[in-house]
Each structure stands twice: as C-alpha cells, then as structure tokens.
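In what follows, chain A forms one complex with chain B and a second complex with chain C.
Here is the complex of A and B:
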C-alpha cells in the first residue's frame, strides 16, 4: 500500500486512494466544491489544487491518486495563491446576494472566502445575467442560476445516484447554466438531496427557505421514523429564535452520514415528515371531554386494570415506539400484569418502496419490536375482534389509529363494549375521539432511545427538546402506572432500560449506548 | 522542392479515385498490408520523424505504439478534422483536393494499430469537405479499398464520417471523443489517456488529418526520404496557412525548418500595400504573437518553442503596422470567451472577464488598474484547467498584453484625458 506524506504527516492508504481522500483521513481538509465522496469525480472547480513534489504543475487533489513516496503540500504559498484565484473566478459572475440568500451561513463560497479569499474586489464589469432566479424546478427544490458555480454535483447525483437525469448544464463558457432538461421536473423521490450537496445557494429547499437563518439552528442526531430503513438524520430546530415560523421548533431534517444505512441521502418523504412534531399534538391528558391531571389519568388507568381480569385486558403496541418503550410495555403488561394479549403488528398495508432507501414497512422499529415482544399469542386484529365481541374490558392502544386500521364501525362497536379504551399517543387522530382516556406521549424527536432497522441495526436517537406541553415519554407514563400499582421499575433513564434490554433480550447482549455511538450496531443474533 | 501532401492538388479531378490510381494511389496501403507487419509500419513512421500536425507535435509513431496490443477491446482510429483554430485552413484542402490520399493514410494507420474502424470528425461548417470525403469513401468501398478483406488481404476496415456541430472545444481530442459519443463536448480528465481509454472506453489513436495524409508517402517512399525533407527531429513538410495582411494568402507546403521571414516575404508575397510588419501569430490564434525582430525563427516545433511561442496548427496570421493591437487582442479574447466550454472555473469565468476588461479598454473605458490586473488574471487561467484551452488563453492574450503593453497604455491614457 502506498505511503504518502501530506503537509509533513505520513499516511499509508489503499492503492487508488486520491490525495483528497488521504488528506481527509489525516484530518487535513482540502477545499472542495465539485468533489463529493459519493459522486464520480468531475475535477471542474479547481479549488482543490495542491502541490505535488517533482510535478511542475499543481494537481487536483480530488483526482490525483497517491503514489508511494509522494510528498504533497496543501498549504504552500503556490497552493494558497491558486485557491484565492479560483475563488475570485467563481465570484466573477456570482451575484453576492448573501443578505437575501438562504444558503448564507452554510455556503462554501462564504466559508472559503473567509478562509482563503479576503482580497479587495477587482471586479468592475457587469455580471452575466442568467434567467432563472428563485424558480421552482420541482416540488421541493428552488433554482437560482446566478448563484450556481457549475460544480455539477447535482447533475452527477441525478445521473448516478437516482439515475433520473433531470439536470444538465446548458450553453457554454460563462453563459453556462444549470437547469432541468426541457419538459422535465426535478421530481424524483430523492430530489431534495441536491440541496444538501449544493455547496452554494443555487439549489435551496422550498420548504425551508426563509423560515430561519441557519445559524440559529441547533442540531440533534436522530433516526428517521418514516420507514424501516432507519435513515440517519439530524433534527435541526430553532433554539434561539422561537418566535420564527409559527413558533415551531423543528425547521428541517437533514440526512446524516451512515455508509451502511443511507450514506449521505434521505428520501423526500422522510425529509419533510416533521410537521407532526410541532403540529396536531395531544398536549394534556383527557378523560372523555375533560382535561385532567396526570395523577387523575394514572389513577383512572390503575383503577381499571386492578378491577379487570388479566385475560380481559388487551394491549396494542406499536413499532413506532423505541426499543426502550417497547421493553417497558412488555415489562408492565406481560411480565408484571401477565397480560397475554399484547401485540404490535397491526396488519398495515405495505407502503411504497424501491430498491434504494424506501422500505414498504413504514415503522422504524419492527425488528426491535419483534426482538423484544416476541411473537404474541394474539394479533392486534384478533384483540380488536375480541373487544368487539365484548371479551375485553380494558384496551390500551399506543399511537395506532384504530379507525384508520379497522374502520369507524368496528371502533364504535369496540368502544361500546369495553369499559376503558386508553389511547396513548403523540398526535390527534380519529381514534382519540373514540378513546375514553387520551394520554399525551412524546414524539421521537423528544426521546432518547433506540430503533432497530430492517438490517437489524440498532441505532440511537437523541432528544432534541423536552416533550411538548404535558406530554410525557412513553416509558415514563408506563413507569408511573407501575409505581401506582405498587411495582415500581426504578428506571431513571433510558440507559437503565437499555442495560436491561442488553441483559435479557436475545441479540442485544453486550450492547451499550456508548458502543452503539452514532452509527449503530447489528443485532448480534439473527432473528 | 518536393511536395508531399499537396502533390496532387493541381491535378484536374484530383479528388476522384481514378485520378488517384493513375498517380500510384493505394500502392502504399497494398505494400503495408501485404508486405509489412504492423510493428514494421510503426517503426517506419517513427524513423520518419513524423510529428502530430494538429499542433502538439507529438511523435506520431510513438503515439501509435502506446496502443496496448494485448487489450482485447476494439481499437479505434479517430481523425481530428475539426480544424477550428482560427487562422487554420489546411485540412479542408486535403479533404477536398486529395481525399483518397487521406483514406489511404487511414487504412495504413488502422493496420498499424490494429483498428478496424476509423471515425473522421469533420468541422460541421466544412460542407464541401464532408461531401467530397463521403464520395471518395463510397468509391473506395466500391473498389474494396475499404470494407471486408480489403485488397485481397484478411484486413477489414470501415470509416465513419462524423460532422461536428460547431464548438471549437471539440477540436480538443478528448472533447472530440465525448462529442463522438453523443455527449456535450467537455474535455476529459487525464490520465487515462485515449491510447488506453479513448472512444467508447477503448484504446484510441487520435491524429490530425494532415498527419494521416503523410502516412502513405512515408510507406511508399521510405522513412529516410521523408525525414530528410524536414529538419532534425521534425521530418517532412508542413502546410502553412498564411492569412492577414499579405499579398498572397493561402496554403503553402514547405519544409519544416523554413523561416517565418521566408514564408511571409518569399512565398506569401510580403506585406500588403508595402506596409511594415507589426506582429505575426505563427501557429493559430493560440500561439503567442511574434514581433518583427523574431521572424527569422525556423518554423518547426522545437525552434518556435525555444523562443516562447509554438508551431501549433500552422496558421500564420500576419498583422501590419496599422493594426490596433488592443482591437486584435479583443477579437482573440472574444473568441476564447465565446468558445470556453464552461467546464472548469478559471477558464469559464476568466475568459469572459479578460474579454470584458479588454473590451472596456478598447472602448475608452479602461483604467490603469485594468492594465495592472490583466497579466495576473490571464496567468491565473493557464495551468489550472482540465485542458489546454486555459493555457491558450494565457499564452495568446498574455502575449498581446506584454508585447504591446504600450498600446494598451496609450489607449487608457487617451480615455482618461
């Protein structure tokens, strides 16, 4: 394997590794616009040029493979000079409209200018006027041709990742412009990824534009709950300017790199699946038409459970819950109360899917639920049928919309027969209006815990902020019930729960939050 | 002086097969295919000191020898007839006056490199060339000089004529390959070089039309004969295209090593209207300008390189004493700004910037800072781009700005007063 010296540091890398990749491994960040780790090399921006000993001309670091004994300088006067000149060229026809550009704050033109530019402007000529400014080119993406530096990352994304080929560079010279092909729209299911890889403000997110300046955003690592792929994401939320945009907390979701799961990408359905975090939430416990306190709510549940025979209790859990929540569901209902009728499988119709990221199972934790709750005696549907026949007195539902799943008539019938229908969930749906008791629970972005994805990969999520209003974490609600029953669990946090999971559930042994870190681990026993 | 490429130019109906056959046509191809091995053909061309006449001057035999014989993929010959370099108009004459000599060169070259298919990329505006070559190819197919088992040998060869669509950059060999493949004409990153990964990902030799036209005579008359026509390391003659302020503009076949002075004053009849020479571009618009004190230079690749210019495509553009060099620079800069493919940042943005600056100076809106900045801006383009286009901007425009700085300066001073 070739050894190369970059800025005095030696590193041994696999043959074929390029200078930029080797430098990245050393933590030396060579500036880049067109280069992207997941896309074919284009070599057009020229800002990554470095000095290679014994080569008369500077070489582009993105394309030049390292050779044994190669000595590279990424910070020599010659290199710094070229960076400056490339930046200057890129700004010749750039509108420099940063004050009204949504990319400001996360723009590589701004960043590198501050780092390597900082010259007095020599540009006195009128800039080339390009036609499309703030033009929608698809359902999710806005184009500004003048801001585009023609790095072609987006073109290569649509050519090689989605293979949908909507984008191209048209015309020639400094009249070149990025656009969709005539008659085409950038409307593939992964379209908005081009916004993430665009290093400047040429492609911006229609949904996010002008909601919030990026420097006000806090970032919390999480996992998309939209399907069983479990794409790694970052929840970006407005910490410093809560009055912005309808006072919502979450401003946008961004994909987070995980080479084994989603690489740099996420589907648009997942990306824009965040409004439920701030909208349409259940925020107070409610008994029929009355808002009540948590104390009253817990008492209602405990009273009902205590006065009901175990075989007349039914529990419909959900693969939207974390492993930790599900473990406590099992601990309370199966272990402590000996309820047999506990299921999480609701016979959902499979959703759309493809051969890239999108999975038909729209739950993030089906594999985790299977590992933790095992195969239940009765399916959710059978539990509901039982309730309809009057064989269940307490039906406890976690987040599942029974009306959507089984129809209004069935749910109306069930409500007539059972003594208590408990709905524990985060968002209002039709089932809430039938439930006797509504318990507001937290959404994933408010939780710490883990999901197990379709690859059996256990992945952590982190709480961005506290649960909205009076809502509480699912496991906390269940712990309150257990305590009131006189069988307190003594879990202080989800880490305590996860220790129990690791100790008792097949596949999780020896896992800890530290070991899972932010890239996750595969269950160590196949299910 | 013995003519090589233009030997049949004066003959009536020189473009016809029967005329070509009357003058020994296709005998060189017959000799190569029947009596020589491919390796022997390559050796002969190496010995002839034939160098690429498109402008780069790379030794032709050596280029051919880079084709990996063991590579199981098909090999291709691509002939660059895009001829877009301003001041250059020689290939067009070969297509129109002696297309069979060209076809014969293609056959021998393909045989040497193990190719059975040649693509001829012709500048789209050259309608007559395209028409004439296609007619000649049809004649050659009819008489089995092209097609299956040509001339009773086991060798198959096909030629495809592909008209370009008007972009100067498609004369850059890898942009030409992209264009041939049906893509936008963007130069490729190198390496890999076309000899390894060329057209459709296969080993490919790309030669200029004139280079190919020399191959037949070299095989027919021998390497030694050809090498002797020219000078050391640069065998044969060259077609010089003389245009601008001369009495007899046109294409002249002269030995490599002829001086620029001889070409301008002896062959092209001197400067128009008895004026004085001010500047001359020796090898197409991208070659740095020469001033009158430099015209005793020999017009071979090495001699021109030694004085900081280049032989390029052989396009000699003569400018007399009345030429406004700021205007001339503006025209050249406009050409580059118009033709930059737009792929890499320094060339895309720099060529337009340079043009607008010079245009401003020409129109009396220049400032002294423009003149201070121009050489630097021009220099920042060359050496930093994917292809040689950026270098051409630097060399060409740079030579106007440095050698005729006083003209720029007085233009600016004029506009300041």
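Here is the complex of A and C:
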C-alpha cells in the first residue's frame, strides 16, 4: 500500500487512490468543481491542481493516483497562483448575477473566489451571451447557460447514474453550452439531483426558485417518509421570515449522504414530498363539528374505551409512525388494554418502484412495525369487516385514509355501526369527515424517533420544529390516554421509549440514539 | 473572582474569542450595567429635590434670557458679533439637512418605471431591525429574472442605520428623500409598500 505525504501529513492508502481522495481522508479540502465522489472522473475544471515533488508541472489531484513516497503540497504559492488563474478563466463569461441567483450562498464559485480570487477584472471584451437563460429543461430543473462553468457533473450523472443521457455539452470553445439533446426533456425520476451536484447556479430547482435565500435556512437531519427505502435527507426550513412562502416552514428537502442507503441521491417524488408538513393540517381536536380542548378529547376516548369490552375495540396503526410511536401503541392497546385487534398492515396498492432507490412499499417503517407489533391476529381489512358487521364499538385509526383504502360505502357503514371512530392523524383527508373524533398529531418533521427501512436499517429522525397549532406527538397523545386510564407510562421523551424498545424488542438490543447517530444501524446485527 | 464582569468575561471566553467585537461589546454592556447597579446613593440634601430643581430652573432661564436679550439687541443692530441660538419655524421652515443625512427611503426606478430592485434580499438580511420584508417573483424578462412582488418597509421599526442602502448591489434603495416627518396616526400607516416607496 503506497504511503503519501500531503501537506506534511502521512497517510497509507490503497493502490489506485487518487490524491484528492487521500487528501479527503486526511481532512484536507482541495477545491473542486468537476470532481464528485459518486461520478466518474472528468478532470476538466483544473482547480484541483496540486504540486507533486519532483514533477515539473502541477498535477490535477482528482485524476493522479498516489504513488509510494509521493510528497504533495496543496497550499504552496505556485498552487494558490494557479487556483487564482483558473478562477479568473472560469469567470470570464460568467454573468456574476449573484443577486438574482438562487445558488448564491451555497455556490462554489463564490466560496473559492472569497478564498482565492479577489483580483481586479482584466477583461476588456464583452462577455459571450448564451441562448438559454432561465429556461425550464424539465419538470423540476431550470437551466441558465451563462452561469454554467461546463464541469459536466450533470452530464456524467445522467450518463452513469440514471443512464438516461438527456444532457450534453454542445458547440466548441467559448460557444460551448450545456443543454438537453434536441427533443428531449430532463424528466427522469431522479432529475433534480443535478441541482445538488451543480457547483454553480446553472441548474436550479424550479420548486425552490425565488422562495427564500439559502442563508435563511435552518437544517435538520431526517429520513424521507416517502417509501420504505428511507433515504437520508435534510429538512431545510425557515420559521423566522414567514412572509417568504405562504407562511410555510419547510422550504425544501435535500438528500443527505449515506453510502449504505441512498448515497448522495434522492428521487424527485421524495424531494418534493414536503407540502403536507405545512398544508392541509388538522390543528385542533374536533368532536363531530365542534372544536374541543385536548382534555375533553382525551376524556371522550377514555370514557369510550372504559365502557367497551376489549374484544370490541379495533386499532388500525400505521407504518408511517415511528418505532417509538408504534411501541407506545403496542404498550397501550396490546399490553395494558389487552386488545387483540391491532394491526398496521392495510391492503395498500403497491406504488411504482425501480431497481435504484424507489420502493413499492410507500411506508417508511413497515419493517419496524413488524418488529415491534409482531404479526397481528387480524389484518386491518378484517378489523374493518368486523366493524361493518357491528362487532366493534371503538375504532382507533392512526393516519390511515380508510376511504381511500376501502371505499366510501364501507366507511359510511362502519361509522353507523361503531360508537366512536377516532382518527389520529396529521393531515385532513376524507376519513376525517366520517370520524367522530379527530385528534391532530405531528408529522415526521416535528418528531424525534427512528424509522426502520427495507434493509432493516434503523435510522434516526430529528425534530425540526414544534408541532403545528395544537397538534401533538403521537406518543404524547397515547401517554395522555394512558394517564387518564390510570396506567401512566412515565416516558419523558422518545429517548426513554427507545431505551425501553432496546430492552424489550428483539433486534433492537444494545441500540441507543448515540450509537445510531446519523447513519443508522442494521436490525438484529450484533454490535 | 468576586468581580462579576471578570467572571462573565471568562465565561464568554469559553464560547467566543475574547477579543472578538461581540465579546468586547458584551463586556462593555456588562460594565455599564454594573456601574448603573452600583451607583452612589443620594444624600439627604439631594433627596429633598429643592436644590436640583433650583439649579435646573436657573440653567434654563439663564440660556432663555441670554438668547432673548441677544435677539432683541440684534433687532436693533447691536452686538452682531455675538451669536444667539438659532431657531427654525419648523414645520413651515425646514431645517437645512446635510446631503449625506439618512432620511426616509425610496426605491429607485428603471427607465420604464419599474423598480430597480431584483429582490436579492441583501437589505432584508442585513437589516438589524428586521423592518424589510420582500417576496420575490419571476420577472418575464429572463435578463432581469427576479423582481420584488412585495417590498414592505415598516418605518415604525426602522432605525435609519442605512445598512440597506450600503449593501444594495443594484443601487435600488436610497435614503435621500429628505423626508424625516413620517408621523402617522396608526402603526399600519407607517408600513410602506413598494408603491409608496417608489412614488411618495
């Protein structure tokens, strides 16, 4: 294994490793535009030039493999001088319209210019104008050819990751321009990833366009609830300036690096699946048409449960809930009340899927629900059929849209038969109008907890902000019911619940929030 | 270690560079607050208020009669070498302002009368009083691209620091209207929108 010295630090790496990879391992950051960890090397931007001892010319760090005894300098005067020159060259035809550019604030041109540029412009000619400025090239992506520095990251992304080949660089010299092939659209299901990898503002997000400046955004790590893949994401939100986008808090979602799950990528469906966090929410407990307080709501539930035999209670949980919520569901209904009719499986139509990230199961926590609630005696469909026959008096539904699953007629009949249909969910749907009692619960971005994805990987989510309006966390609502019933759980936070899960549920043993951290751990794996 | 300022300074040092402007500012604030808290007690004689009231009235009257006499003498063409306090008949006669005085804002226009502002939100970001609220929109011309759908400036909150003018990359906001009399009957009418900022 070759040993190299980079800026005086020695490191031993596998043969074939490039200088930039070795430097990354040491925590030395070499500037880069065209180089991306997950894409093939192109070596056209030339900003990653480093000085290698005993070599007359500077070398590009992204394509030069390390050799034994190599001595690399990344900050010598020669290197800094080249970086300045390269930046000047890249900026020759750049319009410098940072005030209107959405990338401003997270733009690599800005970042490296602050560090290495800062010279007076020597350009006497007129900048070359390009054809396409603010042109939509797909349902999600906007192109500005003038801002493009032709690093071809996006081209390589469509060539190697999605293999759809929509993008290319056309013409020669300073007429070169990035574009979609004639008659094509950048409309593959992963298209918006090119926005993330674009180091400048050439490709920007149609959805995020002009909503908010990036420096206003707070970032919270989370996991996408869109399907059972559980892609790692960052929820980017802005609470301090509600005038920006219709008082919405979440501005965009960005993928977060996790090599075992989604690497750098996320599908477009997951990326734009955030509007439900702020829109169409249930914000107050509601009994039929009356808005009520939480005390009254809990009172109603407890009264109904106490006056009903346990075999006449039905609970339809949801794989949208976190492990912690599901554990409390199990603890309250299965352990304390001894209800047999608890299920999370509903006969959902499998959605679209592919062999990359998208999974057919659109629930983020099916594996977790199976591990925690076990295989139930009755399926949700059977519970509903039972309710339809009038064998169930209290039906407690967690966020499942019964109307969508079983049809209007069935639900209307069920509502007539049961004494109390409780709907505990975050968003308004058709089931809400049928339910006797609506309890507003929090969405995933407001929760702390864990999801278990299709690879049996337990992954943490963090709360970005407090639940909207009067809505409360699912486990808090259930704890309130338990307290009213006289069997308080004594959980202070989700960490307490997770400790309990680790102690009682197989597969979770020895897991803690600290050990899970932001990359997650595989269920059943010995730590 | 009894000195609370020193204690606080050491505490701050854990989190900030002690020489950073922020830390220095905090320490200065603490010093002022400490001085204010530990100020001298008033004596019995001072507590009667009479001596302070008398000194105050004496000082005001001295200036009043001094200026009154001088103005009368000036009327008769006497004592012209001695200056009396200047009086302006505000608001009929406005006080002359220096060209650099920061006065009420205005939004500058392009040739076609639309605002020059491109909604980059620099002013909104830098504003220490958080009195500017901009909502950006898509401009039909791709060479302008972005424009402010809403530009709201709450003069009730504004501290007239002029940061917004300094930070503007398009010279779109200026504080050169010469207007300082933004008195209104309600807080709502102190809130200026794009139209008022451009035309009033």
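The criterion applied here is as follows: the second predicted complex is superposed on the first by the 522 of 527 C-alpha atoms of A that agree within 3 Å, B and C clash if a C-alpha of one lies under 4 Å from a C-alpha of the other, contacts with A are read in each partner's own complex, and residues count from 1 in each chain.
The definition used in the following text is that a residue touches a chain if its C-beta (ideal position, glycine included) is under 8 Å from a C-beta of that chain, and two chains touch if they have at least 3 such contacts.
Since the model is a prediction, treat every value here as computed from it, not as a measurement.
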Have a look at where A:260 lands relative to chain B and chain C in the superposition and call it first, second, both or neither.
neither
After lining up the shared chain so the two structures overlap, which partner does A:506 touch, if you call chain B first and chain C second: first, second, both or neither?
neither
Have a look at where A:90 lands relative to chain B and chain C in the superposition and call it first, second, both or neither.
first
Between chain B (first) and chain C (second), which does A:175 come into contact with in this model arrangement: first, second, both, or neither?
first
If touched residues of chain A are counted for chain B and for chain C, the larger one:
B
After the superposition on A, what does A:335 contact: first (chain B), second (chain C), both or neither?
neither
Considering only touches as defined above, state whether A:244 meets chain B (first), chain C (second), both or neither.
second
For a test of understanding, state which residues of chain A touch chain C in their complex under the given definition.
97-100, 104, 133-135, 209-211, 213, 215-216, 241, 243-244
Which residues, counting only chain C, touch chain A once they are in their complex?
118-122, 124-125, 133-138, 142-146, 150, 152, 169-170
Can you tell me which positions in chain A touch chain B when the two form their complex?
41, 43-47, 49, 57-58, 63, 82, 85-86, 88-90, 92-93, 122-126, 128, 149-150, 169, 171-176
Complex contact set, residues of chain B against chain A:
167, 169, 184, 189, 337-346, 348-353, 356-357, 360, 367, 369, 373, 377, 380, 383-386
